[in-house]
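Each of the next two complexes has chain A plus one more chain, namely chain B in the first and chain C in the second.
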Partner chain A sequence: MIRAVYDFATGPMLWFSSAFFLCGLAYRLVRYRVLMSKARQGLPADFRPGWALASIVHFLLPLNRTARSSPWSTLAGFGLHIPLLVVGLFFSAHVVMVEQRFGLSWPTIPDAWADGLTVLALASLAFLAGKRLLHPSLKGLTEGKDLAVLGLVALPLLTGFAAHQQWGESLLMLTLHVLSAHAVLIVAPFTKLTHMALFFVSRAATGSDFGKREVGPW
Partner chain B sequence: MNFDADILDRTMKEKAGARLEMWLSICSRCGMCAEGCHYYASDPRPEHVPSYRIKPLLDLYRRRGKVTMEMLETLRDVCYGTCTMCQRCTMYCPHGIGIAALVHAARGVAAAMGMTPSGLASGLQNALEFGNNLAVTEENFVDTVEWQLEELQQEMPDAEAPMDREGAEYLLTFHPRDIKFYPQNLYNYLKLYNAAGVDFTLSTRAWDSTNLGLFAGDVPAASRLAGNVIAAAEALKVRAVITAE
Partner chain C sequence: MKTKTSTYLARFFRLGFLALALAVVVPTADCVAQPVLLLDPAFQAPQRPGVPFDHDRHAEDLDCTLCHHSYENGQNIWEHDMQTRCSACHEAGDRGRLGLRQAWHGQCVGCHEQSPKAPVTCGECHVRGQERQPR
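Entry: the complex of A and B
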């Protein structure tokens, strides 16, 4: 029974989730583009690509005032996002799965790194959730959804780590890992997780806006 | 108290552009924007975290069709009462969310519903009627300029304050407060521009540098007020407009 679910989740469902994820994000980007060009009809073009790019770079790297004013949160932010990208894309088991299903392959990182990075990501998530729950001003702003998204992202990390450490029943852990990863891919285009695509758009828009006044928003 | 649901719906549709949609959906309420906010710096309450300011607007879109008067009142109080739209929060936001633009949109909704706070509404009415937000008449303005110029000429005999001079390089505009309550400031401006040898003119028609329409979120009024100054600047063929404060 679990085997059947696992096979389905790493087979047909993988195609579905990946396609849904990519189309969903593409939809958000195209929708932005269409709404924007409708609003800007007849107005002179005034986009500042240099400032837009600088704005993205200053926040992809900790070269901004937020990194100085909120160093711990910044650390947690990088501590979460770097592992997600690196382990997600370069962990050996992930690459092998992609190779089997889609016929593409690329280099991998040592498994020990993946373990370390996953622990770092979980610690960062715990910090961010803790800050939301305990910080006197953020407490009042936090909605159930905000914590749910953090929890959803933690699930594949926890189950993946457990599977790799062979905790509990290995096939069950692995199945839960793959299913929770699907859940992340499927909700990504329609929750705050959309920022994985719109971060670049928003930063570019604001960078260009501030750039018109010769000021960098960082 | 009741409100016109059709106007609300139409205004919300109008305001729901690409950026509003994007920004409302990606704000994670991480609160890092608080570091940039002067409201938060002086009184660190959850209501003063900038990302809180977009919550009433977000609630409006979430509960479209089921909006209550209470929600609109909250929107008005939060968006007019706890933000100066200085944009410092945007400089701290990792996503670069334009909170001021969202507050502006929220004020636009309130303005369309006739909920602009009364002090602001009467200033805006003055601006639309008299061309300046303190209802200074043209005669009063000209008198004040002449009076201050005479005072200045005691100290600086060659000082001038040309009125409606075509072809000047700059058109000077002022905060109406400086004309009505603090003419000494006008004196200092004139002294500064004369000493610097700047080629400037004043306009009897368009001299208010403020735009309460913009501040109120009333876009048609804001365009009209900005249009006044632009029309005067073009008629006088100046190269640039200098705005105060």
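Entry: the complex of A and C
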């Protein structure tokens, strides 16, 4: 039974989730563009690509006002995103999976690094959730869905870590890992996880506007 | 006296059976490889423990040349006394289709994925706590 779910989750469902994820994000980008065009109707076209790009760079690196005013949150942000990218792309099990499927391969990080980075990501998620719940000016803005999305991101990390440590039944744990990763892909286009695509366009728009006002985008 | 004789006879037969059993079982036990630990020494700093592999269980159903191979002009010319270590041909540093890691995984996972009861996850084969030395 679990094996059938595992086969489905690593087979047909992989294509469905990936397509849904990519189409969903593409839809959100197009929608952003359409809404922005409507909002700017009648205004002169004065987008400033230099400022937009500089703003994106300053927020991809901790070189901005928010990083200075909220260093711990910035640290947690990087502590979450760097492991997501590095472990997602360079963990041996992930690379072996692609290697077996498609014959493509690339270097991997040592498994011990993946363990450490996953713990760092989980600690960062806990910090961000704790701040949302406890920070005086943030807790009033926090809705259930904000915490739910943090919990959802934690699921593939927890199950992946457990699978790697070989806690519980391997097939069950890996199936839960793959299913929770599918859940992240499927909800990503319609939750705050959209920032993985919209960050770039919204930051570009903000950077351009701030540039025009010459207040500096960062 | 009669009882003593039958007791001796019984002992004799028991010993005889034991000897026969040992004669049959011991060499067989030597041939029947216990699960061996597959861990090619060509792998530098392997990240996962080796894989306990029951050769006989696989040999019961499968043809030897399904796994063992040595290709010449597209023909598998492998025979029992030939070199069978994967790293004799497949290189650990090669990340292409014929790299050592992919060759090993391809040999096992390729079949296991077709069989609903065979192990398919990393942890089902690379079991933590297994010794890291090849046998």
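One rule holds for everything that comes next: the second predicted complex is superposed on the first by the 201 of 218 C-alpha atoms of A that agree within 3 Å, B and C clash if a C-alpha of one lies under 4 Å from a C-alpha of the other, contacts with A are read in each partner's own complex, and residues count from 1 in each chain.
Assume a residue touches a chain if its C-beta (ideal position, glycine included) is under 8 Å from a C-beta of that chain, and two chains touch if they have at least 3 such contacts.
As the structure is a prediction and not an experimental result, all values here were calculated from the model.
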Checklist line | Superposed partners chain B and chain C on chain A - clash or fit | finding: fit
Checklist line | Greater residue coverage of chain A in the superposed arrangement, chain B or chain C | finding: B
Next item on the list: Name the contact category of A:G151: first (chain B only), second (chain C only), both, or neither.
Entry: neither
Next item on the list: Check whether A:P71 is in contact with chain B, with chain C, with both or with neither, and answer first, second, both or neither.
Entry: neither
Check: Does chain B (first) or chain C (second) touch A:W106, or do both, or does neither?
Finding: second
Check: Touching A:G116 in the superposition: chain B (first), chain C (second), both, neither?
Finding: neither
Next item on the list: State whether A:P49 touches chain B only (first), chain C only (second), both chains, or neither.
Entry: neither
Notebook entry, point to check: What angle, rounded to a multiple of 10°, is defined by the Cα centres of chain B, chain A and chain C, with the middle one as vertex?
Noted result: 180
Next item on the list: Look at the superposition and give the distance in whole angstrom between the closest pair of CA atoms, one from chain B and one from chain C.
Entry: 36
Note to self: Please report the chain A residues shared by its interface with chain B and its interface with chain C.
What the structure shows: none
Margin query: Residue numbers of chain B touching chain A in their complex, please.
Written below: 17-19, 21-23, 25-32, 34-36, 40, 44-49, 51-52, 55, 90-98
Check: Hey, which residues of chain A end up touching chain C in the complex?
Finding: 3-4, 6-7, 92-93, 96, 99-100, 103, 105-108, 110-111, 163-166, 170-171, 173-174
Check: Taking the complex as given, what residues does chain C use to touch chain A?
Finding: 45, 47-48, 95-97, 99, 101-102, 105-106, 109, 113, 116-117, 119-124, 127-128
Next item on the list: Name, in rising order, each residue of chain A that touches chain B in their complex.
Entry: 31-36, 39, 55, 59, 64-66, 69-70, 73, 77, 128, 135-143, 146, 149, 192, 194-195, 198-199, 201-203, 205-207, 209-210, 217-218
